[in-house]
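Chain nomenclature is as follows: A, B, C and D, assigned in order of appearance, with residue numbering initiated at 1 for each chain independently.
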Amino acid sequence: MAHAAAAARAPERGLDVYTQKVGMWVFLCSEVMFFAGLIGSYVILRFGASDSWGQPGEVLNVPVTAVNTFILICSSVTMVKAFAAAEADDQKGIKLYLFLTFLMGAMFLGIQAYEYTELILHGEWQGSHGFTPQAGLYGATFFTMTGFHGFHVFLGVVCLGWAFKRSLAGEWGPKNTHGLEVLGLYWHFVDLVWIILFTIVYLI
Amino acid sequence: MATMIAEATGQAILTEEHKQSFLRKYIFSTDHKVIAIQFLFLTLFFLMIGGFLAMMMRYQIAWPDQPIPLGGIFPESMVASGYILPEFYNSLVTMHGSIMVFLAIMPMLVGVYANYLIPLQLGAHDMAFPRLNMYSFWIMIPAGILTLSSFFVIGGAAGAGWTLYAPLSARPDLTGVALGQQMWLASVVLIGLSSIFGSLNYITTVINMRAPGMTWFRMPLTVWALFITAILGLLAMPVLSAAGIMLLFDQTIGTSFFLPEGGGQPLLWQHLFWFFGHPEVYILILPAMGFTSEILAVGSRKPIFGYKAMVWAIISIAFLGFIVWGHHMFQSGMNPALGLTFTISTLFIAVPSAIKTFNWMGTMWRGNLKLHTPMLFAIGFVAMFAIGGLSGIFMASTPVDIYIHDTYFIVAHIHYVLFGGSLFALFGAIYFWYPKMFGRMMNETLGKIHFWLTLIFFNLVFFPMHGLGMVGMMRRIYDASGYRHLEGIADTNALITWSAFALYASGFLFAFNFFWSLWRGKKAADNPWDATTLEWQTPSPPKHGNWAEVPVVYHGPHEYSHPGVTDKDWLAQNERPDVPSPAGGH
Amino acid sequence: MRLDLRNSSAAMFVALGIAACGGGGDAGSSGGGDTGGGAAPPAATIDPATVGTISGMINFAGDAPAMRAVDMSGEPDCAAAYTGGGPMTQSVLASGGGLANVFVYLSGGVSGAPAASGAVTLNQENCRYAPHVLGAQAGQDIQITNSDNLLHNINASPTTNRGFNISQPRAGITSTQKFASAEVMVPVRCDVHGWMGAYIGVVDHPYFAVSGANGSFRIANVPAGTYTATAWHEEYGEMTGSVTVTAGGSADLSFDYSASMAGADVPLGEPLVVGHDGAHTHAGQ
Amino acid sequence: MDWALPPNYSTHGVVIDQLFWIIFWLTAAAFVLVEGGLLWFIFKYRSREGQKAHYTHGSNKLEVIWTAIPVLVFAVLGAYSGTKWAEIKNASGFPPDALQFQVVGKQFEWNITYPGIDRQLGTADDFTVLNQFHFPVNEDIVVNLESEDVIHSFFIPELRVKSDAVPGMVIPVWFDSRQAGEFQIACAELCGLGHYRMRASVTVHETADYEAWLASQATAQ
């Protein structure tokens, strides 16, 4: 086997995946653990004090958030489209889909900001007016988990804006898809985390 | 993340050496070797600070009735009328532990040596993400500043122990510490971020950037250990960050994740902390095991005994490390039924450690032992780590743990592992790789004196602590007088304190040797130890980019005394085999 | 394994809380009443022609509740200082129709006041605070001293000010603290000795006093004018009154407390029952 | 310099001490093996003129041996420890007729609530004493541990008993004393600046003396 390697003179193959993609996978592993820490705590706290949680829809606005969830899922689709467009060298498609993804990410944040404002100003929970992070474990876990998710969406939106700006200069194409693919991985992850959060925080 | 995407698009990778400004080359450098050296200076500084805090603690424990010399130079909130105040003592306890773990030992093991060795031992030009690597160092600076300055804010530094058990850590009214605790948490979140950036780099580099021929089972054990450590850090640190953020919210904005008054659970903090904390223990010992394996093979002039068993031992330690956290919580009020599960997993995690110890001894067996300073420290590591491992068995046995939990027996145990283990291996590593890093040798005579002083005084400090634990002396007490069962231990405590002073002083001998050798040390050859791994097959210190020509690897990492090689007793990994490929080399 | 800690602890603290309020009276406050600590304004700024004095009584009707023994057996050095029946609780010190340890201050009508000067002192002696109730001007130094050769901690849990929790592990240690803004009252406790408690009344001006053992008090150097005055007692709550001070004159002011007011709403709540949500949320800021 | 376990007075302590010494001798043997081996190797194989190291990559047989032996030893030790642990700590196995006390830790004191003469907690004759724990000899004692504020740890070295007191939880702890004597409760978990002084006296009475003490308290209350 020694001579085979000598003949190749190429770096040892790891996962047969380019470095940035491996890096993103590895990074997402650590993100999984971060959210696992938050979600695990949520589960334990909720089991320990289930009477201090509201029924689905009692405090949180499920329909608005369902719309928001739908927007985020759609943005994952457009992200895939943007990547496909880059591979096909469809410059118009790249610009369109990146912009749509960016827009939907921003909309998600906007709706979340609206939701927070409504909850803090007009939320009703266990007799107190205003549903805030101080509103018991329910409020604390809700704002912590959705807040950190929102922060991740925000980072993604910033990167999408940057990617869109580069697309205007025509920098993405079949020879340069890695950046979009790595960003897409992150974006899908954020989407996936949201689906989990939406389920356990809003629906259960 | 933006960095990674930027690097994915090929923007950020610096390849040109010559046009760099001084600032780019030595301060905001993306060269893994420069970053490693930056980490080395930073961590040595914090090692000195952490040790100083321990000296103050030792003075207080040994002579609680005597004012501390030069006590007047401290603010009244720390030392009043010459006496260390209990709240300051608690800060000393907390910050000694935190600084040693987060700012000295962990970044020294990983920040310095993962950074320095992974690309060099794998034959890579640099890390996978050089700029991210630079950030991982510079994030440590604000973290360090936060930690140090927290001593001087109102209320003083964090004082709830480095484990930060809530509610003590969560309610400022119970300790008087508010801002100091928050700064601690902020600092740890930053360190976590730095560590995650680092881990990301190390893992990706190991997976994707190995030189041709560097198969998984030809990687030096140091790289294996650092690779697995990076995985542990990657998966454990985010959990601490999540928990730390929740605790910070409890402190500042009035949530009650860990406060029973609001429905929260104090034990949840402990579960989260130790879910991080136990892998952290292995983050602090696995790289040390890697260095030791490396140095023992070089010093014994023999291949590592049972290389594959060593690799699998590292992997199984890492895996088991995630399911033993509950053994820190046997007396915490956790459901006793969980005790049995954690006892079994804990005892089984001792098995790979035993395997490693026996294999190290096997490596020395029938060797040709060159007892230079790095080798002495490596052997010292095996000897001290064995004691630390054996004393751990007492705690793993739950009934015995009832008695020794939270006593000085635990203090003895962790110091045999973290000082006798990690720090001994680190001293060995510094002596061993110094010529590669700086192009000069450290002084051998001073090094040997340093070793013997460290070995003797280390044991005089920490071995008697087992005795204190048996007597029943509780951890973290400011003054042991007043307890009938602790009446006979004043002499022991005085002996420990005098020895601790001597141990600290011998550290300055090391520091002198280190800095003196930077300018006056003997010029080092490229391969002063006749070692086989790739980092020794390039100039000392290596140039930017590490290699003139990418090395090609033909053998496993530790081919010493091969019977087919007659002119010398080693065969570099990239030397063409004029002899038949060694048996069992893969 | 959840329980309602609040109920069980509340029960315990009623017991402890009653025990907690010793101090003050026998520790040297003069029968003739006190002026407000060391808070007398500097002589230079006072024109004697424009100021007067308020002097008065805190009257007490009815039978004061019986005092209870404090178990100091864990601190023999302290316990030895109390002869006869040993240390007793002293939340209500009433004798001869007067009520001691009432904090009296001008709560309305004060415009402008001399800056704080000097220091007031709080001493820990024989495991009690002396005095049990004291006043301080906002920003004034409060010198806290330990006269016992053992550990005391001083845990002040104000609502609006920044709290502190410091320790003094041996005799002779002194620490200087201050509160930036007015707050009546700041509870102070020692966690090592559950029975030790004190109250600090922090006001914006030097016009305050604490009633002495016979219930009398005196506030000097008050500029002429009409004021609202408030009295505060840890068991019987607050009362207000009005007083007019004339230049060079001496105005009378008295408050009538009675045993029937026991259980009145004391504005602090039950300050010595610290350790629940309230204390946490405000001390955290 | 007396580095010894303090004399043991409790039934559980017999088991704990026995296990301690079993592990002590096991680890002592391993200690001698490892440290002795290292010293011997350093002496025997130190580098000398013309010496060449023996070239080997290891031995699978040895790996199996030194994996199997620790596994066996640890399995036995773990099983034995686990059994004894369950006997000591599992609340379902506590003697139902044990004398119950409530102990509440609080910065920095132990409040002990006594069941009174009727031996029942939660009845009118209960009373609470600060920092003094009295109980009768040779009787099963169950302490229900609670905490008001932070985590404390209830530790009586001579009775080999230790358990954290966690706010929000009630943790039952079972022990006894087989001899009358005077001990101390120490706090073993850092609980703040007065941690080191958080202690209480423990008095184990002969049965008759305990009853006399109860009676004296009843009159004092």
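Operating definition for what follows: a residue touches a chain if its C-beta (ideal position, glycine included) is under 8 Å from a C-beta of that chain, and two chains touch if they have at least 3 such contacts.
A quick note: this is a predicted structure, and the numbers were derived from the prediction, not measured.
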When every step has to jump to a touching chain, what is the lowest number of steps that links chain C to chain D? 1
Going by average Cα coordinates, which chain is farthest removed from chain A? C
Quick check: more C-beta contact pairs in B-D or B-C? B-D
Using mean C-alpha positions as chain centres, tell me how far chain A is from chain C in Å, no decimals. 56
Between chain A and chain D, what distance separates the C-alpha centroids? Give it in angstrom. 48
Computed distance of Cα centres, chain D from chain B, in Å: 31
Dist(centroid_CA(chain B), centroid_CA(chain C)) in Å evaluates to 52
Which chain D residues touch at least two other chains? 107, 149, 167-169, 171, 192-194, 197
Which residues belonging to chain A are in contact with no fewer than two other chains? 48-49
Would you pick out the residues of chain C that each touch at least 2 other chains? 1-2, 5, 151, 153, 165, 167, 275
Using the touch definition from the top, list the residues of chain B that touch chain D in their complex. 85-87, 90, 93, 159-161, 165, 167-168, 171, 174-176, 260, 265-267, 300-307, 309, 331-333, 336-337, 339-340, 343-344, 347-348, 350-351, 354-355, 357-359, 361-362, 364-371, 379, 382-383, 386-387, 390-391, 393-394, 396-400, 402-403, 405-407, 464, 466-468, 470-472, 474-480, 482-485, 488-489, 491-492, 495, 560-563, 569, 582-585
Sort out for me which residues of chain D touch chain B in the complex. 1-6, 12-13, 15-16, 19-20, 23-24, 26-27, 30-31, 34-35, 37-38, 41-42, 45-48, 51-59, 62-63, 66-67, 70-71, 74-75, 77-78, 81-82, 84-86, 88-91, 107, 145, 149-151, 153, 155, 157-158, 160-169, 171, 182-184, 186-197, 199
For the complex, which residues does chain B have touching chain A? 1-2, 4-9, 124, 128-129, 196, 199-201, 203-204, 206-215, 234-239, 241-243, 245-246, 249, 253-257, 262-265, 268, 271-272, 275, 550, 552-555, 577, 581, 586
Any idea which chain B residues touch chain C in the complex? 76-77, 80-81, 83, 85-87, 154-155, 171-176, 178, 251-252, 254, 259-262, 333, 478-479
Which residues, counting only chain C, touch chain B once they are in their complex? 1, 5-6, 151, 153, 155, 157, 162-170, 172-175, 274-277, 279-281, 283-284
